[in-house]
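The structure follows.
For clarity, chains are labelled A, B, C and D in written order, and residue numbers in each chain start from 1.
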Amino acid sequence: MELNPTIADPRLQLIATARYFYQQGWMVGTAGNLSARLADGSFWITASGKSKGELLLNDFVLISPDGKIEASATQVIPSAETAIHQLVYRLFPESLACYHIHSIESNLVSRLVEGDSLLLPPLEMLKGLGVWQENPYCVMPIFANHFQVAQIAADIEQRFAVTPPQISALLIRDHGFTVWACSLEAARNYIELLDYIFRYMVAAIRLGINI
Amino acid sequence: MELNPTIADPRLQLIATARYFYQQGWMVGTAGNLSARLADGSFWITASGKSKGELLLNDFVLISPDGKIEASATQVIPSAETAIHQLVYRLFPESLACYHIHSIESNLVSRLVEGDSLLLPPLEMLKGLGVWQENPYCVMPIFANHFQVAQIAADIEQRFAVTPPQISALLIRDHGFTVWACSLEAARNYIELLDYIFRYMVAAIRLGINI
Amino acid sequence: MELNPTIADPRLQLIATARYFYQQGWMVGTAGNLSARLADGSFWITASGKSKGELLLNDFVLISPDGKIEASATQVIPSAETAIHQLVYRLFPESLACYHIHSIESNLVSRLVEGDSLLLPPLEMLKGLGVWQENPYCVMPIFANHFQVAQIAADIEQRFAVTPPQISALLIRDHGFTVWACSLEAARNYIELLDYIFRYMVAAIRLGINI
Amino acid sequence: MELNPTIADPRLQLIATARYFYQQGWMVGTAGNLSARLADGSFWITASGKSKGELLLNDFVLISPDGKIEASATQVIPSAETAIHQLVYRLFPESLACYHIHSIESNLVSRLVEGDSLLLPPLEMLKGLGVWQENPYCVMPIFANHFQVAQIAADIEQRFAVTPPQISALLIRDHGFTVWACSLEAARNYIELLDYIFRYMVAAIRLGINI
């Protein structure tokens, strides 16, 4: 049985997760990218320009820890945002999965504040992100978007070297959000929880609820 | 045939209901917990930390009426909120199911008022909650959230000893809502009806409709 | 082949339509009721108290044109709103289907005006309701809700005797809406179109768009 | 194998796409129309008055480049908006697919401005529409709706002769939007991306976010 993502090919699980995210409206067009790391440090990442609702095994590229293409089908190129995944796995070596999606609510909350951090509301849901406190306090970093993905990656590296993030997640203004985790299931849960929290924030603001 | 929930193992029905609730966005991450009581007073409850969209039979724990673990798979622990389920079955002995979910709208309405009760709007839907009146009047209790679930349970017990709830449901601020009923189907219907009413309330307030 | 709804048993098609409406959130709890008329004037209507997501053939009752129960399973009673269906088939004898659902948006728009009529916005979608005009104008009647369904039916009969409705649909304040049509497909289409228009109206008002 | 849409019958793929769009709420009632062009310049278009959730092969009509019916089942007539598809294929001869849907958000944004152009917000998503810039700028043409589709087509032809559109898409006020592309997959992606952007715009305006 080769499907255990920590020891073997995680692509089938990535296909199922991408399809689920697509159905939620989080990966429209061909937006977003998912990756999973193998024991040797290389990682499978979704190819560029593929609909995430119908990925096939050939719609992934295997990337070495230093960013080289180790395996790919013909005429398939890795996601334009591979540099961010590569950085995440280098900065957080315990991570086995890195997911980047574009939910509408993540783009909205990225515009709710002008600064570079988003304070999350004190919902019970924060427990699922590892914040266990009587009155939970949690902030999430926001990065500016750039046409060149390498610039986004450089900004992340520079900031996290000084200020590691409180939770395993970051927002890019107008450009979705990214999570990483020590299992594919945990990364999916983080995506679900953060989108839930963003939806709550958007609705609460409309209602005049203090968040 | 062993699936009749009043006389035999209700776990398959709980798995299907949990999957349906998960698909509605009411049990994201691993949030929420469902239980069903057996004829001997023990109850099956969802285990802690499992995605509710893909539960297996081993993802439940059997709890005795006094809160002891009667059966569980290895490395599986009962929901952190087992104490609330145990209390519900003690206070309302005719109940055979207790469901707790975190819909976004339930968290929003818990913040719409500062007090400890929520007045529900006079929709025809209240009939489904047992409120049969020409001009229906229905209030739902709200409890404060606490990091320690035992504190929430103590608050519920203290309040219900003095003031039994009008309907079989309670809100926890920032922390979803809980229903109980004399069948699994009725508990699912209560969840659907209350989430509908909460959605209506949130939208009506945005439109300036008097509720 | 017995499934042609105009000549034979329409229950299978009603089961599929009810399941679809339930999945849209239009028939939560056990709300709403669907019926289809046979060539002899009798009609099958959903039974009271059944989840519309999992109806079986026995969850319907056959009603004669004068309101008597012609066939039903044991312990099954017809929808509490059978009188409205019976009236619709009497007033509009070309009708073969009558559907009543409770979408949230229908309840919201019923509260947007105080009077007894709702002006629909001039969307292209009105063509699907039979309104073919360069600048389409369409109003829909609103009825007050009453605890006794017989009172609602009496109000409908009295008003329609004086003022027939422009389209085959009526709103009941806080209590969903009802359509009728000369085929089951057309009735389903009317439900879809009206809910779409109600959703548009609710969103347009929030945006300050003149409707 | 005859399913390759560029060389053979594209109807099966159109059926699947129509069903997906219908499930998104973009083709309610029988609204909207999809077409795909063959190598000889003729195109298959959806027939008038059919539910887009359950199309069959006979629910399409084959139209010649000059607008004549080349093939159809009995009692099936082409979409009332065939003239717009015919025009699109003439103006943009590289196009192999043309899709027209009625999402609620497209109707809302068509009413947000009084003029004949809509400025899209600078989301990363614009890359999927072919807009690759550091600070992306993209406008989309809006046309007035008319009862006579021929008038809409004439307006499109007149305007595009002077000002070709920046992206392969146009809005009709109160009447959905239309895209065209060099493959069926690309046309579907454009629909998804534009609806996403419209949803973002509607939500951002409600939140007071500057778009």
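The rule is short, and it goes like this: a contact is a pair of C-beta atoms (placed from the backbone, for glycine too) under 8 Å apart; a residue touches a chain by one contact, two chains touch by 3 or more.
The chain list, named the UniProt way, goes like this: A, B, C, D = Methylthioribulose-1-phosphate dehydratase.
Computed from a predicted model, the values in this text were never measured in an experiment.
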| item | value |
| --- | --- |
| Lowest number of touching-chain links that must be crossed from subunit A to subunit C | 2 |
| Same-residue or different-residue interface between subunit A and subunit B, half as cut-off | different |
| Whole-Å separation of chain centres (CA-atom averages), subunit B against subunit C | 31 |
| Numbers and ranges of subunit B residues touching at least 2 other chains | 206 |
| Pairwise chain contacts under the document criterion | A-B, A-D, B-C, C-D |
| Subunit A residues touching subunit B - in the complex, by the definition given at the top | 121-125, 128, 132-134, 185, 188-190, 192-193, 195-196, 199-200, 203-204, 206-207, 209-210 |
| Subunit A contact footprint on subunit B (complex, rising order) | 25, 28-31, 51, 102, 104-105, 107-108, 111-112, 145-147, 172, 174-176, 202, 205-206 |
